[in-house]
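What follows is chain A paired twice: with chain B in the first complex and chain C in the second.
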Partner chain A sequence: MRPLDLLDFALKTVTRYRLRTGLLLAAMAIGVAAVILLTALGEGARRYVANQFSALGTHLLIVLPGRNETRGGQPPMLGETPRDLTIDDALALTRSRLIRRLAPLVVGSATVSFAGRSRETNILGSTAELLAVRHLELAQGQFLPALDPRRAAPVCVLGNQVRDELFGPEPAVGRWLRIGDRRFRVIGVLAPKGQSLGTDVDNTAIIPLASAQNLFNTASLFRVLVEVDRREDTARAQQAILTLIRARHEGEDDITVITQDAVLATFDKILRTLTLAVGGIAAISLVVAGILIMNVMLVSVTQRTQEIGLLKALGTTPRTIRGIFLGEAAILACWGAGAGLVIGAAGVGVGRFLYPTFPLAPPWWAVLAALGVAIGTALLFALLPARRAARLDPVQALAGR
Partner chain B sequence: MSLQDWLWLVTGALRAHRLRSALTALGIAVGIAAVVLLTAIGAGIERYVLNEFTQFGTHLISIAPGKTSTIGLSMGVFGTVRPLSLDDSEALRRLPQIVGVAPVIRGNARVEAGQRNRRTEVLGVGPDTSAVWGIDVAAGHSLPRDDPRAARPFAILGAELRQELFGSASPLGQIVRIGQNRFRVIGIMAPKGQVLGFDMDNAIYIPAARALELFNREGLMEVDVRYEAAASTARITQAIRRLLMERHGREDFTITTQDQMLDVLGNILGVLTGAVAALGSISLLVGGVGILTIMTIAVTERTQEIGLLRAIGTGRRQLLLLFLGESVLLASIGGLAGLGLGIGLAWLLELLAPALPVRISAFYTLLALALSALIGLLAGVLPARRAARLDPIEALRAE
Partner chain C sequence: MIRLADVQRVFLVGGQPVYALQDVNLRVAAGEYLAIMGPSGSGKSTLLNIIGLLDRPSRGRYELDGGDMTVQDDEALAQIRRTKIGFVFQSFHLIARLSAFENVELPLLLAGMAATERRGRVERALRALGLGERARHRPDQLSGGERQRVAIARAMIMEPRMLLADEPTGNLDRTAGHEVLAILEELNRRGITLLVVTHDPEIGERTRRCLRLLDGRIVADVNQTAGHAPA
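What follows is the complex of A and B.
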């Protein structure tokens, strides 16, 4: 029998049992669609996080005071040390030519009040460079002026939400408000940005570094965000920062430098593993579909015993008989996988339409794996029925026994 | 038809096609095993996390400076215009039904002892801390009840830090230096391990006033309050809020009770386990389609038999019950097998990877079993109705 005839023959038997074929396709399609949708969800989350990070700039280093020598311990997030990381330390860093710009940070919370309305708000003390380093956008007015960071100035830039709650429909720029017990003039309003990696930019007021240090009565910096000139220089810049600060801190290594890449890589790894696990769990259903195909093929071998006997009597080799049944399984699997692919893609499309900000997309490896596993298991599970059919004795089979 | 006859007919049909029945049940079994195993892992993780959180005990309230309406860490921990002071913590201690109050300041510094030194976490705490957090002092004393603003420079070492700084020698009575300050070691904490990523054993515990001085800070980062087990959480929370409002003039602090934390966490983890169970159920769905397929085939194959049964007076209802019984039985056998498989795998997993917490959840196990029976019922309805509707004469004549 020519391969084309074989295919034609298998196709006829597949289409003869409409309901049965339909159910098998449904089973296969559910599995494939589940794998595609779930991995798309995982991959979407991964891309979402990656986007969030690149919104912060990809060649960013974070310098924080304190260092832990415990292996595998987390870095000292709270940043209280006997020796402060000072503004002068940060300014010294700007002398390295590997560093494009940096923004020292002091954070805290204080009550911001205007005309009887008040609100507890996160306060960020920083310099003019913060705008570029954190890729913030202004909706109105201007950002902090580029002054000497050691000088306090009574100006502030409000996050979108703070502005709305304090001023409502009134204009905010140019008005005086109170942060803690000090007066500040609003010189700008940030464009709405939403949550950006844990810090709620919309619910923040930004004031000059020295003003924040006065407000919170602290001499130390909470963090220094450093933007490296070129991405390849990240490792060298990290070394340069450590060396510089060590020299300034009497030879003591008491800061931690985290690279953005390292943080991103950790997230990436976690989410990839998660996607893989979820896809794997969904793939179990493909195995169940495979078992179902085997079951139905076994039934059909029994039902078509006479037909097989006839084929054998006409001189069909066991090889060809095997081919017929495997071809049937392959057709079922391909159609089922195709249907699953379409359903999955449709689901992804609907998801994208509903949540345009979430980059929902199935990774190519998951699509290939879903199709591969679907067709692979179908063929594997069809092997037993196909062999059983090929081994039938022609005389016995013709008699229908 | 008597129940016995019914059972005989139903099981007879399954026994007639052993391989086919076994494979169909296997489909369901794989799905159920997936659900049982996945929820076992989910529930195990849930318990593990909750244990982590309750290591400090459940009758705890923590107060942090700064008030934010949104969920999450208030930036007040890092800096605030109105700090939570040691006086506040002392005032809290005088409230009724309070067992102990622990002020907390966390920092990072180099701890030196003789020739050895190590950069590690420094915890500024109070005399009640070991009682509040439920950590025992393994040797020596806990911090004495000094004047909280002028506490003597005593220190207690975490179990691992002691090992690092002093080896096997006794550190009691020795001097350690942190920054410019000297502290006399008066105790060693019992090993506690990591609590939420914070290594308690690698920390050094010094009086809160000394830590404020060391880090040049005005305020505490947190105050933990342990109250009597019999006391009402709401009333204690209320009392704390009233006291601090009186002292500060407004609500510029955040009170978190352990119950709230556990509730939120329990909810999140419960949803997670549910999601994982739903993932496993995809396989169950496919298994259900399997039963549907096989039952449809069975009805077609047994058309003559159905005709005969109808001819000798079997009612439509009885026929319906026969086929439904067959599919439910098939699914239930699969469910039971899957249960065994899932529990076996969970047990094996526990044996091979003891670090991974596994706990068979009775709720999800029963749910999975009920679900398998339900799937059998649903998958059986269509083919069974088809069988019941067959015209006896046509059916008898069928080839």
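What follows is the complex of A and C.
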């Protein structure tokens, strides 16, 4: 029998039993759609995080005081004091050609009060560069002035939420408020940004670096955010920073430099694993659909015993009979998988429409795997009924026994 | 053409051997018209199934056109059935979801013939049996006589040299039965070997040769010279 004729014959059977075919297609389609939608969610989450990172600036290095390794052995012969990271260290880094800009940070928490209302708020001490390094946007007014970072100034920029809580509908820019026991004038308000990697920018007040050091009575920096000129230079910049600081700290490696890529890679790995896991769970429904196909095929072999007997009497070889039943399974699986693909794509489309900020997208490997598993399990599970049909005794089958 | 030697067919029913056929020796020459008669359970259908290669003898030898059929595997037997043997059944065995055309086309489809060639042959076969207008009808839209004619067209489409009919008129009224029988006899006149299993003594009298079975044995093998009596 020619393969095309075989498929055509199987097609006539499939289209004849409409309800049965419809139900099988639904089961198959739901399975494929589930895999596509769930992996799309996982992949969407991964892309969402990646986008968050790139919103932070993709070529960012974070310099932390203190080292990130275990030391031991005998106590040092000479006195060894852990050195702070200072403003001077940060300024020294700006001389490197590889670094485009940097923002030293002092972080603390203080009470911000205005007209009887007060609120415990994150205080960020930094320089004018922070705006560009953290990709912040202003809603009103202006950002910190580009002064000498060693000089304090009584100005502040408020996060969106702080502004709303303290000022309500009144204008904030130009007003004076208190942070801790010092007075600051509001010169700008940040656009809402939301949670961005652990720091809630909306619930933050930004003041000049030196003012923050005075406020929290510290000479050291919490960290320095460094933006590298080109992404390829990240590793070299990391080395350059370590070398520079070592020279300034009398040969001691007492800072840690984290690259953005390292953090991103970790998130990436976690979310990829998660996507695989949910995809795998969804794939179980495909296997269930495969078993359903086997079940229906077995019933079909019983129902069509006489027809199989007739085919045998007409000289159909066992191989062709197997082919006919496998062909039916293949048609059901392909249609079901196709329908699932359409439903999945439609679901992704609706999801994107409802949540435009969430980059919902099924990874290509999940789509291929869903189709492969659907068609593979259908054929695998159809093998048993097909073989049973091929082995029927023609005389018994013709008599319908 | 057909040669059975000491053929035996044993079924196990509840652990007990039941002899459906015993010591059957039979020769049928090409072009013969043979009736196989006998009461229910006498083994006539089993004999027909063995000749039609749907069943295998438990013992003995079956030669078809000089070839030993007892040593062939299922694939080979299917090939031989397809090209050399046509079947006509009491209950027609048409596939309900296929049209008359598609039912007749089925053996050609299985043989792997090209669609264009199939079309002409099926149309000719249907016209020859007066079914040209009914090609698009499904079996449930046809009368009993028409269904059996479709089945005969299907049995003959591969141009086999032997036609095996198991009670071909059993489900038909008298008129339709005579019609079907006339078609089968016309095919026999053109050289097809025709074997008919039947209860109907009238058919038994029409054939040139009549075989009587009882309890799995051939008890009579009568050569009638009367030939075809008018219906």
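Note that the second predicted complex is superposed on the first by the 387 of 401 C-alpha atoms of A that agree within 3 Å, B and C clash if a C-alpha of one lies under 4 Å from a C-alpha of the other, contacts with A are read in each partner's own complex, and residues count from 1 in each chain.
What we mean here is this: a contact is a pair of C-beta atoms (placed from the backbone, for glycine too) under 8 Å apart; a residue touches a chain by one contact, two chains touch by 3 or more.
Everything numeric here is computed off the predicted structure, so don't read it as measured data.
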Requested in this report: With the two complexes superposed on chain A, say which partner A:T377 touches: chain B (first), chain C (second), both, or neither.
Outcome: neither
Scan A:N160 for contacts with chain B and chain C and give back first, second, both or neither.
neither
With both complexes overlaid on chain A, does A:S211 touch chain B (first), chain C (second), both or neither? neither
If we overlay the two complexes on their shared chain A, which of chain B and chain C does A:P318 touch? Say first, second, both or neither.
second
Comparing chain B and chain C in the superposed model, the one touching more of chain A is B
Please indicate which partner A:L23 is in contact with in the superposed arrangement: first for chain B, second for chain C, both, or neither. first
- What is the contact status of A:T234 with respect to chain B (first) and chain C (second): first, second, both, or neither? neither
- Which partner does A:A34 reach: the first (chain B), the second (chain C), both, or neither? first
Which partner does A:L292 reach: the first (chain B), the second (chain C), both, or neither?
first
Message: Taking the superposition on A as described, I'd like to know which of chain B and chain C A:Q260 touches: first, second, both or neither.
response: neither
The intersection of the chain A residues contacting chain B with those contacting chain C is none
Seen from chain A, its contact residues with chain C in the complex are 1-2, 5, 9, 12-13, 16, 306-307, 309-320, 394-395, 398
Residue set of chain B touching chain A in the complex reads 19-20, 23-24, 26-27, 30-31, 34, 38, 65-70, 72, 74-82, 105-110, 118-121, 178-180, 197-199, 202, 214-218, 221, 250, 252, 276, 279-280, 282-283, 285-287, 289-290, 292-294, 296-297, 301
Note: in the complex, chain A contacts chain B through residues 19-20, 23-24, 26-27, 30-31, 34, 38, 65-70, 73-74, 76, 78-84, 106-111, 120, 122-123, 180-181, 198, 200, 203, 212, 215-220, 222, 252-254, 278, 281-282, 284-285, 287-289, 291-292, 294-296, 298-299, 303
Listed in rising order, the residues of chain C that touch chain A in the complex are 49, 52, 54-55, 74-75, 78-83, 85, 87, 89, 93, 95, 97-98, 102, 106-107, 109-112, 115, 154, 158
